[in-house]
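Chains here go by letter, A, B and C, matching the order in which they are written, and residues are numbered from 1 within each.
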Amino acid sequence: MFEVYVAAKFEAAHRLVGDFGPATRMHGHTYRMEVIVRGQHLGDDGTLYDIGDLGLAVNDLAGSLDYRDLNEVSGLASVNTTAEAVADYCWERLAPSLRDRGLDSLVVRIWESRDAYAAREDGLD
Amino acid sequence: MFEVYVAAKFEAAHRLVGDFGPATRMHGHTYRMEVIVRGQHLGDDGTLYDIGDLGLAVNDLAGSLDYRDLNEVSGLASVNTTAEAVADYCWERLAPSLRDRGLDSLVVRIWESRDAYAAREDGLD
Amino acid sequence: MFEVYVAAKFEAAHRLVGDFGPATRMHGHTYRMEVIVRGQHLGDDGTLYDIGDLGLAVNDLAGSLDYRDLNEVSGLASVNTTAEAVADYCWERLAPSLRDRGLDSLVVRIWESRDAYAAREDGLD
């Protein structure tokens, strides 16, 4: 099994709703988004998936969240903007263009700091 | 599948017993402990498991090993204090409070340096 | 399940062939090689596999690629030197000495930068 990984970052504000102490105050993070695709076979060009192409998609997505208030982003405004929810949001936006490309699964990790992340991993079937 | 990760560090001394060359001399590391919990579903609050709560548990455990001689810690004194053994020790201490919380598995990685770690991963059933 | 990880780095030049834009020009990276072995049981000495021994094997392999043009390395000269291909090359060279040692699987990740890697993971049976 092979995998390809790319990372990007974005600066965003957010606040949680519920029993989350100081995280319910408006604050923000330098988020790091890590994206991994997995599959069984390399193509004739020696790639599982072009890292440059994956990087463009990931940077586009990160750019769409950069210097934003996540609580106002369409698709996140109706949910609690936990790292899990942001990972889920990013997973759903990346997955469509990665299907039917010979890939088995997709992982999206959203780091809120060097010491904490949440991730979603699921098949691309 | 979702996962949540937190990390903490502790400064500890140890020495190995057996055919481990210079590692049999008393020495130490700035250990980094990485903890990952995995599960299938997010709760209504948008979390798999509260990162803040997990962070408290991990920091408590790291604190209990901070500025200690691992060879004298109860639960490690009778084993060789390899990174695997420390990961196993930490896994066993974190697992009880994580069971019956809708989580599937727990990973504990113990980094002895930026270039080396050992980990234990097992189900929380 | 336990795992042991070691990392090493090497400085190498390469160029891709095909539709890879600027990556088709001769360039290079400070590559980081991450190697993980996995298995079910610790030995009586408290190790899955001696981190020091694994580190020597990984450093030897990294050393063999250090300050080289990957396109001229035997075993890589006939393929496109993508990160996937380099991971595959390194996987094949590390695996033989790791078989029949009670290990289940081997992962090799080849980082081209802090933001991109490719990996191969397969069983050691």
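The rule is simple: contacts are C-beta pairs under 8 Å (C-beta built on N, C-alpha and C of every residue); 3 or more make two chains touch, one makes a residue touch a chain.
Quick caveat: nothing in here was measured; it's all calculated off a predicted structure.
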item: Turn needed to bring chain B onto chain C - CA fit, degrees, nearest 5; value: 120
item: Interface residue identity across copies chain A, chain B - same or different by half; value: different
item: Inter-chain centre distance, chain A versus chain B - centres from mean C-alpha coordinates, in Å; value: 26
item: Sequence positions of chain B contacting 2 or more other chains; value: none
item: Chain A contact footprint on chain B (complex, rising order); value: 1-8, 42, 45-48, 50-52, 55
item: Contacting residues of chain C [partner chain A, same complex]; value: 16, 18-21, 23, 79-85, 87-88, 109, 112, 114-122
